[in-house]
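Naming follows writing order (A, B, C, D, E, F, G and H), and every chain is counted from residue 1.
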């Protein structure tokens, strides 16, 4: 399971810990999440570049060894978008996973919905919070589904509002 | 080994238990067989939808994460069709497996034969009862074949009727 | 463009003629739509079979030469489901196309929505009427989109009801 | 040749016209560049959705029929990033093309270099201006290369500054 | 359409002429059918070999340039087996085509049926005479099926014997 | 490692035992080598067929579940041809493996060389005796090569005759 | 047909003209054969680099757009090696073509045979002179084979020396 | 991890030992590095050849069983080029790995840069010394990056010279 996307919140830990608590048989991989190291890696290991473009591409090429391998081997790719930064790498990973026919799950606040529509159209599920990803993984792997006690069969009623749990909101 | 198809009889258990009794080295996977959960999963986890079509597609998209992954990894795909319901998901799985060049085995009562002809044309074997799937798996994996004592070489006689066992019928 | 599905209405002609009228640069292919011929073809050409199962599979195998080739070469696969018959071949084609990552469009009356949820989850678009397929093809190929005169930008208003045309209903 | 990216400047025309002037044997394709139509297409053709997320994903799914087909058939994919908007669809297309091992060319102002480093690491060439894409296509197809008269063999001198043309800047 | 197999009868001409008479839009390809030339080609062009094994493999390698390319591009592969010679190249071509998921049609006298069972299990149709291949191609491409006047719907009667035409025999 | 071909000599045991004696880390797989069982399997498990052709194809289809899976997973495919029988299944397996770009090794007496030239042209090595396959596997896996004491570097002398060991003959 | 390799002799013209004289239906493609232009292209079009390594890689990346596309579309890849320079690009192209299962033909003087053994092991034919490539293409496409008048069937005699033409030498 | 290239220095041991010292979870594979054995293997096992070309190709074909399998299974392919010999096999391996979309790392002295530009354009990283490969593997697998104590964030300063370590030089 590959976790791509922003590195400025603890969303990866939320998913990782949530799955661990439920003892789900799942392994998480991610790109190098040290911003500084992923910027400089190739230049430190292989020698410096003088122009910013070369500096950046050189390290990104090296990082892509890790990124592509992990996406290629993933059974599920989760990509998170946040309100800050342009995160073109996250959208790039989503497109890359999509062309490899990997199941894709996106996580983002509802207000990004319109901007992310092409990415979401390629997704199997669109989450708002990392906790939903834990539930989703749990269901997919073990069939566990946490219904409210008041919840009745989808066959008998379709009034969704009443059954909606507090932490899950449709944008 | 992936078991697709109707969820209203115990055919999966027959195959699973049959193979377990013979200690065959085989693992079975299947879609989520809780009808209600597979209908509602995405709406419970990700938020409700107001229209039935959106409700259905949303959960099916999430279920397909599981289904496709398991078919992709299967060495053999067994699909069962029964006399009730339209089971388009089962035929869809059969077509999906077929395009991936996965060996396909169908299980259905003989009277469905004409309606299933396109699916059967893509199958390696057409069974009527789940017990036949157990025999088929046993033979394929270990070479075990339960001949009647009166059975003689296929080279010397081709009178099939006499040798036919009681529980295996041609439709 | 491959048209799969039921052969008891003129839906293929509606799509074909609609696209022809607009001079869309598109070629349609389909399975053999003569019910009788597609049932008997291999037995007439290659020799008869005595059991129904063999008869059926033999002709279906021959038909699959045509079907698979045309799906393999299609840029878009349209599958129609109707209220009658079980149409497992249509769902099989949809699964086959889906595994080949072909864009899939389904056409069916809204009341089949729940039964078709797994197939629809793999579709790029879900239509109710063949005329919608013509519009969809027109838009996809040429960008032509027939807005009502009262239609305003999607950026300014999201009240969908008011703008809904009469012949397009959400199930 | 597929042109992906922002739709608020005339960069596609610059490339198209530039190649036409030189009579290069090349065909350009692009996503639907009418912002409004690409937002609303599926809702107009297939029926309205009430929530923004569903509205967006429905149209994007339909647009992806066009987008993916054209990228799949492209010999070269050019993606342009501008200073405005988050353009996740452009980065998604770049990732998609990259996984299909399509040669990728990016076009963007130099100050976006750091943000685009992962995308650029997958590119065969990084341009700043659409005119460079014309030169690049011309060279790739016909071998035409416009050297300054003062330009001498790369074998004899490596002082790049002196030979740098005015309209091509390294960021 | 690729025609593989024995070169000692005129079966290729029968198929070719039959399809030409009916103006079927089909192109036939085949390996080099000059026995002597296909044995010696590489040795004449590239230099002689002293041992028979090297002589044979050298020419076969060169012939495989043609064979593989034509099978790779074929929409249908027809392989004929006769009573003489061991024709391992024909069976090799059949296996090769099968792994590429090309539709395979075999042509052979009924008495070879047992020996060819593995090849036939991979075939879409098993013919006895090349004329059947012409009928099969005609049906697959144009839907033309030559029924006897006495032939009635497969839905109403399954007594195959009565309807069997004289020139089509089940082995 | 998949061993295909004739079942009337103990060549598979020679290879298996030879590799076991040298403790080579290798697993061997093969088709069902009980001639009678592989002929009758599907008819016993799934029901009898009245015509020989149907009988044969039905069992071969079932056997192909095993065969194809094992070839698909093999790292090396060894196919043996003997002087008796037509062994079209062996040549079919060789073609199948070849299209999957599996390394192929053939084993056959030298006098079959001309008849097998197309198969041999696709092979990485052509053996006469199963013992050679053991040596070949040993070398490929561990680098072990049994030189005669009189053998000197290939760099210094090219007089091959003198160094030829007694049990390895060029046909 | 893709022609890769050294650019210091007229071997491409020999093949091109030879095939043109015989009116063979064949199109030739090649990398950019202007040494200077292929060295400098990206630096001229996209901006200069200060270090030789960056300069070289930048242009090679751009050249690879052309090279890879043409190899991907080639039906036959011809690679020529000469006695001068290290020509790593030619060997790289050969490996690239080989992994794509493209038929590969090498052309080189006999004394390079030992150094090129890994490349030659992946080739369908090993030529010494470009004229042989013309003969090879002619035979592969049209079956034309220029035998000496004194040449007799390969079946009757295997004394290769006597029949060897003067311009084709085994190293 | 596959290590291809010259066999006359101990570079493979440097990488292997370096990774072992740091307890990196990595397995190394390589072609047979005994020059003499890899030249003679097939001739010793399968019988001698009289001409050098046949001798060489026969052994190389056998060696390719090992080489291709290991490259196919590698997550990273490292190819080293030295100042001596023409090493066409190393460049062939690089091209082969590149077409399989394997991440490629090259190792060579800076003065070979121009000659290796096509190979380097396909590489994710270009090293000069095998120690750099160890650092690169360590970073890619574990994220470990050895910064100088004086090293500050890539965000704040781009003066690369000052931070360049002594043992890593840009050519």
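Throughout what follows, a contact is a pair of C-beta atoms (placed from the backbone, for glycine too) under 8 Å apart; a residue touches a chain by one contact, two chains touch by 3 or more.
Just so you know, these numbers come straight off a predicted model, no measurement behind them.
Listed candidates were C-F, E-F or A-H; the one reproducing the F-H interface, defined as more than half of contact pairs identical by residue number, is A-H.
If you lay the C-alpha trace of subunit A over that of subunit H, the rotation comes to 90 degrees, to the nearest 5. We define each chain's centre as the mean of its Cα atoms; on that basis subunit B and subunit F are separated by 33 Å. As a whole-number value, the distance joining the C-alpha centres of subunit G and subunit H reads 26 Å. Under the contact definition stated at the top, the residues of subunit A that touch 2 or more other chains are 49-52, 61, 64, 126, 170. Taken in their complex, subunit F has these residues touching subunit B: 32, 34, 36-37, 39-50, 52, 55, 61-62, 64-66, 68-69. By the touch rule above, subunit E contacts subunit C in their complex via residues 75-76, 103, 105, 124-128, 132, 135-136, 139-141, 143, 145-147, 151, 153-155, 158, 160-161, 163-165, 168-170.
Subunit C contributes residues 51-53, 56-57, 59-61, 63-64, 67, 81, 85-100, 110, 113-122, 126, 170-171 to its touches with subunit B in the complex.
Of all residues in subunit E, those touching subunit H in their complex are 49-51, 54.
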